[in-house]
Amino acid sequence: METLITILAGVLVTVATYLILSKSLIRVILGTAILSHAAHLLIMSMGSGLKNGSVPILDEGIGPPVDALPQALILTSIVISFAVTALSLVLAYRTYQETGTDKLDELRGIKHE
Amino acid sequence: MSTLNIAIIFPFIAAIVIPFLYNKIRKLHIGWFAMLVSFVLFIYFARYVPRIANGETFANTINWIPSYGINFTAYLDGLSLILALLITGVGTLVILYSIFYLSSKESLGRFYTYLLFFMGAMLGVVLSDNIMVLYVFWELTSISSFLLIAFWYQRKRSRDGAKKSLLITVSGGFGMLIGFIMLYIMTGTWSIREIISMAGSFTDHALFIPAMLLLLLGAFTKSAQFPFHIWLPDAMEAPTPVSAYLHSATMVKAGIYLVARFTPIFGGESIWFWLVTGVGLLTLFWGSFSAVRQTDLKAMLAYSTVSQLGMIMSMFGIGSAALHFGNSTVSVVYTQATFAALFHLVNHSTFKGALFMVVGIVDHEVGTRDLRRLGGLVTLMPITFTIAMIGSFSMAGLPPFNGFLSKEMFFTAVLTIGEAGIFSLDTWGTLLPVIAWVASIFTFVYSMIIVFQTFFGPYKEERLEHPAHEPPVGMLIAPGILALLVIGIFFFPNVLGDYILTPAMMGIFPSLPAADLSVPISAWHGFRSMELWMTIGVIIFGFALYKTRKKWAFVYKLFPEKWSFNSFYSYSLEKLEEHSTTITNSYMTGYLRDYMVYIYLFFIVAIGGTIIYTGVYAFDISGNSSVSEFEWILVLVMIIAGISVLFAKSRLTAILLNSILGYGVATFFVIFRAPDLALTQIIVETVTTVLFLVAYYFLPEWKKEDVPRKSRNVNLIISISVGIVFTVIALTVQSGKLFESISGYFENSYELAGGKNIVNSILGDFRAFDTMLEVVVLLIAGIGVYSIIKLKAKKEDESVEDQ
Amino acid sequence: MNVKEIIEFIAALLMLIGAIMAMISAIGIIRFPDVYTRSHAGTKSSTLAVLLTLTGAFLHFAVEQGFYSVRLLLGIVFVFLTAPVAGHLITRAAYSAGVKMADSTVEDELKDVFENREEDKGK
Amino acid sequence: MNNILVMPMVIPVMVGILLIFLRPYIKAQRWISFSTMIVNAGIAVYLLNRIQTEGVLRLDFGGWEPPFGILFVADSFSIILVLTTSIVTAICLLYAFSSVGKEHENMFFYSFINFLIAGINGSFLTGDLFNLYVCFEIMLLASYVLVALGGKKRQLSESIKYVVINIVSSWIFLIAIAYLYGTVGTLNLAHLSERIAESGQTPLLTVISIVFLTVFALKSGLLLYFWLPGSYSVPSTAVAALFGALLTKVGIYAMIRVFTLLFYHEQSITHTLIGILAGLTLIGGSIGAVAYKDIRQIIAYNVVIAVGFILVGLAVATPIAMEGSIYYLIHDMIVKALLFLLAGTMITVTGEYRIDYMSGLIRNYPLFGWIFFIVMLSLAGVPPLSGFIGKVLVGHGAIEAGSYILLALAFISSIFVLYSLLRVFLNSFWGETIISKEDKVPMKNGWLIPCVLLTIGTIVLGLGAEPLAVYVEDAANTLMNPQIYIDAVLKD
Amino acid sequence: MKINNVILQTVAKIVAFIILTLAVYLFLSGHNSPGGGFIGGLVLASALVLLFVVYDIEKVKNAIPVDFKKLAAFGAFLSVGTGFGSLLFGAPFLSQSFAYFDLPFFGKTELTTVTIFEAGVALVVVGVVVTIILSISEDV
Amino acid sequence: MIEAMLLTALFIYGIAIAISAYRIIAGPSLPDRVVALDMIGVMLVSSIAIISVLQGTKAYLEVILILAILAFISTIAFSKYIERGVIIERKRDN
Amino acid sequence: MPAQFLLNVFIAVLWTLISDEDELKFTTLVMGYLVGICIVFLMHRFFGERFYLSRFFALVKLLFIFNVELFSSTILVLKHILSPKIRIKPGIFKYETDLRGEWEITGLALLLTLTPGSVVIQVTPEGDAVYVHAMDVEESKEMLLRSLGKFERAIMGVTR
């Protein structure tokens, strides 16, 4: 399971990277969103075994719970990625509004000499 | 606090006071105040002469950064004194001269501030025992020189000259700094005296030679030695008093001082000998050779200074050979070269100072320094002429002027050193007198040009700015005094020798018996002396060359201008900027994709490289949990959905596919026993989707990427590599866990924190701080979004923007 | 087999049947010719699947742990409440967006109304 | 109880929140923010002196024993940085008062500044790796907003790049933390250090350390500085000054912390790599600094050079070099702030960005011009200004360690620094004055006073290096001896 | 033809109420079962999102006249404030305390400062999500 | 046996999800995709119910509810986007 | 009608008090409520209204009808899906309803849509008719109209 999930995360990373390398701002932002999925799966798989244990809620689970720390970290990370995604979307929107383009190769800024 | 430290700081304080004083007192020329400062200091140092001559030295320390042993130690010995006297003495005269030279319309406050600032810095250089502090003052002299050269900063040439001098001298200084640090590492002290006391004990250290070379770099750049001399002629853009003071009498001697100061440490080494002597002679030759072709009087003097500095340098080099023989009487022979160097150091200050002032007078009175426009001034400016003649003849090495004496001693030095039998001198030694002699001929030539071209021949009033006449008396006082010194020293050289030069010798050769260091100076060595015949040769050939100089001027054309170091300097700066722009523009494209490519390449190369280098990759699936069919399918669906995002033709499809990923991740959270995560993930996923949709209304539909196939392939390779690196490390980590996680502790969350939901207890209690901050992150994003949307640029702001 | 086991079996069976129905619905959204017909399969047949599965789960928890999950019942209500709305909205959206109906479509009484609207807009 | 440890972070957070309610009262916002920084500086001074007597301090949040909870750890190094940050920010705030304008101030500007500082101080103080990530995010989020705030075209297009690059680097940070947690099972820095030492830093851990290196290289602009010139040249002057002074420093701090506390066992790989990167950064920065005539670019590349220089100290990794890096860090924070303020003011008074379009400013603004001159010298490491001692010590360390190439690059780069700024000075301040006395934009005291204060800073720091020496020495000592830190955290 | 949204709006009303109830439930039960401040807040926010999508900004704002920015700030104030609260008792920053009380009607009840902390979290989440969505949607 | 039945059910759900995912990728129209996503959401609800039975925990019941609700919200948002472009209006005309 | 409900609750509470047990039990309250239902049902004519639970019974009836329809039409759709060749003739037709008000219309739409084979695609702005997309107009329109009528009546049973 761990290996499988890791490979899944790896594929997501590849996809996200490819998106981030593209021209269109929206693709890039989507890429960053996918990137966070991959990170979360990775953190999950870094605990002490993905299915070794029960739900980390006492009384609820039978037997010892799974590693709860990564879960807490992921939760924090999910919220942060949400904040960042929201902000970058708004930036993308404002950029398009001001510059009339969402193509990154047209957003190079000034040419210096 | 010793008065020595105060003496160094005094000019600085005066420099700070001057602008205020200048604003308050408009009637009196502020130069008088500066001159008073300088004169007081001169007297102060002069009073040390007898005690120093008795072999006393003085030192006092004020702590500055004792933790690093960097303290402000003022140290006065014969060597320091000689320079201190030059600095304050010539300083007084130059300021006196400048009072008449500079009109009160100039920014005099600024001028004298810089000048006193320089004086303090220069005193600091020659009086510091701590090499770090010495370095501090060293750089300050470069800075004050920079400011003075660009005194008329509106002129481009002034700025360029200032820039050149600063770049060269400060760069040399940086090298010297490294040399100093190396010295410290070898000896554990910053104190010159302590380092000297250890001299010889660390010559085998690996840093010894590098330290020496770097130190010489500093000295050579400062003293305008070939090929770093190029800044000095351009420094002539400074007002003439500055040229007389900094760029001939004092600052340029700092490098020479440094060489003298460090002779006890490095002298006796063959590299030191050859570098100092060789570079000195080369500079001597090149300077005098170049001086002849100049048409600007001041430029001629500048090259002449270069040449003379080279001569002094070479004598110090020759003298350093003495230390090779240690404490023996043999060595005393060679110390005479050092003695001559010190002697010429003083002499040069006198005659060159006078000459600069004369040139200043000429420039001031007739409005030009161009030799092609000058001539016939002798009748109109007889006093000026007299001073000019004294200075020039002294420089040419003619009696009865002090230059003759030191020049003779110089010849003696180059002649005798060949017999030393060390440092391969038996093969190369004969070259030294030849170069020295040739250079002296050229020196003779330009000295004659200065006198005859300016003061004789036809008077061309129409080509001058103003008709010629003698300057105000005040302007003549300072050069007059210097001219008198030129003659006075010739007749009473041993006064100077015994009271000033010999004590300085003791500073340079502390290991040699003091009694052997004093050298009686005499004008007459008899007809059989080689030196005399060399001088006669100089005069004969010099005259011949002077007369025929138009015939052989073509020689200068043999060296095209663009091969000169000067052109090299300008060319390199120009090309530097040009290439820098090209290089930087080539990778700073402003295109996010390129930057991301760099980052990912770094990621792949650095991390992937380390993986391969350490050979760490390992896969062990034995500890894996089981995979059910459902999970397999889920993974496959997610992989396919993920890849399909890349091919999605509309952005809505992409978002839908991303939703699959989001739901998929949430489902895995369920499978991995993380209900809280699943909940959060589902909601966040949906809210994010809504956000995307909200924003999409305002954004254009995404079009097919029209990227060249090549960069598409690059993107693909990078993406796959990043994925692989990411996965390989993760898999390796999974098979190589070293320690138990600390999270077992949290399993007691109910007892510890009163919560049965462990994740919630971690978030709300064990790691509540993270949660608290995460809330802040959200808050920032929230109000940030608001601010970014609400605050829009006004149109007029944009116009400046797009430059 | 006691009652508990029988009920557990029934619960599992309900879930399995639900799964099968979901499967068939899924085939439906592949096989049907246009989005309108697909939505029939997508939004409703699957509703029944959920009904069955959640009921199964409810029964399971009821007998296994003696836990009568209101939340599961609420979940059923929820799906019943939302699934038709979702179907309605999607087809409406599809229609508004001008998604073509299948060739086999025989009747479209909405067409005229819609064309009128387009004309109104034109004015 | 060391609750005071959290104050440098929490007070700005709280103030940032409260200022949201004080939105209409701009004056109040200004002075509350300013006072916050002063209070922080006071706290830092207090802590700094306590550390000298009591050793490294810590505060366990919620009373949870390390390594289970999150904690703040204050050693001399972090507190020195907190102190400098507070002072520099206070001064930049002064500048902001008369430069950012009401529209910005009304858009929660001071809240964002406070949050930025909270993030920065938190990063300096935290003793938990994941918390470091969170603190980074606070700082970054605030910086995202501050870069884009104003909504000009160029701002937006640069901010987009800045944001995306930082998102990716934060992601790398996250996965690095995940890897490390997976391998050693803890997040507490001291505990990590202990466990890594126990394992002898296996090759796997070395690989993970390179992942961290990548992150911090991005954040600090070590070789991966492409994002920097663009994004630092678009925000308002006061913000740019804060960025130039502080942001890369956080990355540098993290890099130093991680590679002295955690991954110091395989220096032949890690520190060599850092050295190579520092060298390349020096080269790239030097070339960039002389490449352009846009003053914003010139100063941005100067930031890059400083990054390289400071990290030479880390690469060399001798105690002396470490001390040098710390001195240089402090120096650079002050002087870079000043440099950015000066450049911003030049642009404001002339309306031009290119140095060849400005001329003779010194005649109109003499004091201002001389301040620039001093900054130029200070940045080049000319004594007795603040850059000097750091430069000497880093050089010393490099020679001791035999890193002659780095030594040469470091010193040559300061010639480039000098040259790049000399060009500005010669072109813009000297030369014919083009703005007549009547047309000139009056220099506001609000612009000049902060510059003067920072100038005094660089002079005092240079001449008065001695009082700082004891703290810097202690800071370097703690960095070079991880056990001090570990004992402070894990032993009672 | 005008669109008649009656079906959606009617169902949304019911659904919104269910979600709101659920939000409160999740928020309160987070300590011992899945949920908590974040999740409660997120669910609450999604209820609002639903209303915004189904109705319009003006209508929802009239119904819930709250400045969501300030709501978020207030939430943050609460969360950070609990940290300061522990200073008053000389405990380390952010010390949470919990105790059990026997309350009439509720029986044995656990009261904890975490609840205040989490309430702050929830408010921030709601405030921020709504602020973000409104900021973009209102900008034309 | 019960477990086998549940696993089979889960497996079948998995296939159903995969098939729906195909519709998302294949389209052709956007509403088609939304229909498929909605269906996936609903089927995940069921799947999670089965998983929680398998794991023997009630901890996911909230997840089931939330997923049902939010899949709905998603679908509304998508539909509205397709229909109108703007999904949150300042003032609705009806 | 609220009066009836309050009365019922009052009876339940009274019941609980009368029971006078050692501790408060939920079951007792439920028992009291059930007793109350009986009493209120007997007495509801005194209020001059419908028995308040009759709507509840109508609702149960509605749900029953609905479930039957749901199953039958689901099977229909599944049959279509599984038939080797799909032979359907879909189409949209208008259905004018007597139901009024948002709840009634919504109810009808929900029920109709939930039964497979038909989707309410639009409601007229006036709210007096719905457009229905049927999966197989030719074969099942009759059946659909029949169940529409059933639903209409059942809904009115609840609401009116």
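Chains here go by letter, A, B, C, D, E, F and G, matching the order in which they are written, and residues are numbered from 1 within each.
Simple rule for what comes next: a residue touches a chain if its C-beta (ideal position, glycine included) is under 8 Å from a C-beta of that chain, and two chains touch if they have at least 3 such contacts.
All values derive from a computational prediction rather than experimental measurement.
In contact with chain B and with chain F at once: which chains are those? Just list them.
Intersection of chain B and chain F contact lists gives A, E.
Enter the minimum step count from chain A to chain D; a value of 1 means the two chains touch.
Minimum number of steps from chain A to chain D: 1.
Compare the CA centroid of chain D with every other chain's and tell me the farthest one.
It is G whose centre lies farthest from that of chain D.
Please work out which of B-D and B-E is bridged by more C-beta pairs in contact, and write that pair.
B-D
Rounded to a whole Å, what is the gap between the Cα centroids of chain C and chain G?
It comes to 18 Å between the two C-alpha centres.
Taking each chain's centre as the mean position of its Cα atoms, how many Å separate chain C from chain F?
Distance between chain centres, rounded to whole Å: 10 Å.
How far is the middle of chain D from the middle of chain G, if each middle is the mean of its Cα atoms, in Å?
Whole-Å distance between the two chain centres: 67.
Which positions in chain C touch two or more other chains at once?
Expected reply: 25, 27, 39, 43, 47, 74, 78, 81-83, 85, 87-89, 91-92, 96.
Enumerate the residues of chain A that touch no fewer than two other chains.
20, 25, 28, 42, 45-48, 54-55, 57-61, 69-70, 75-76, 79-80, 83-84, 86-87, 89-94, 98, 104, 107-110, 112-113
Would you pick out the residues of chain B that each touch at least 2 other chains?
In chain B, the residues touching two or more other chains are 581, 584-585, 588, 590, 592, 596, 632, 671, 673, 675-676, 679-680, 683-684, 686-687, 690-691, 694-696, 698, 726, 730, 733-734, 737, 740-743, 746, 756-757, 763, 765, 767-771, 774, 776-786, 788-790, 792-793, 802-803.
Throw together a list of every chain pair that touches.
A-B, A-D, A-E, A-F, B-D, B-E, B-F, C-E, C-F, C-G, D-E, E-F, E-G
In their shared complex, at which residues does chain G touch chain E?
102-103, 105-106, 109-110, 120, 122-125, 127
Provide the residue numbers of chain B that touch chain D in the complex, in ascending order.
Its residues touching chain D are 63-68, 70, 132, 135-136, 139-140, 143, 150, 153-154, 156, 159, 162-163, 166-167, 170-171, 174-175, 177-178, 181-182, 184-185, 207, 576-577, 579-581, 583-585, 587-588, 590, 592, 594-596, 598-599, 602-603, 606-607, 610-611, 613-616, 726, 729-730, 732-734, 736-743, 745-746, 765-770, 773-774, 776-777, 779-781, 783-784, 786-788, 790-793, 797-798, 800-803.
In their complex, what parts of chain C are in touch with chain E?
Its residues touching chain E are 74, 78, 81-82, 85, 88-89, 92, 96, 113-114, 116-117.
Contact residues on chain F for chain E in the complex?
59-60, 62-63, 65-66, 69-70, 72-73, 76-77, 80, 83, 86-94
Any idea which chain E residues touch chain A in the complex?
Touching chain A from chain E are residues 32-34, 38, 125, 128, 132, 135-136.
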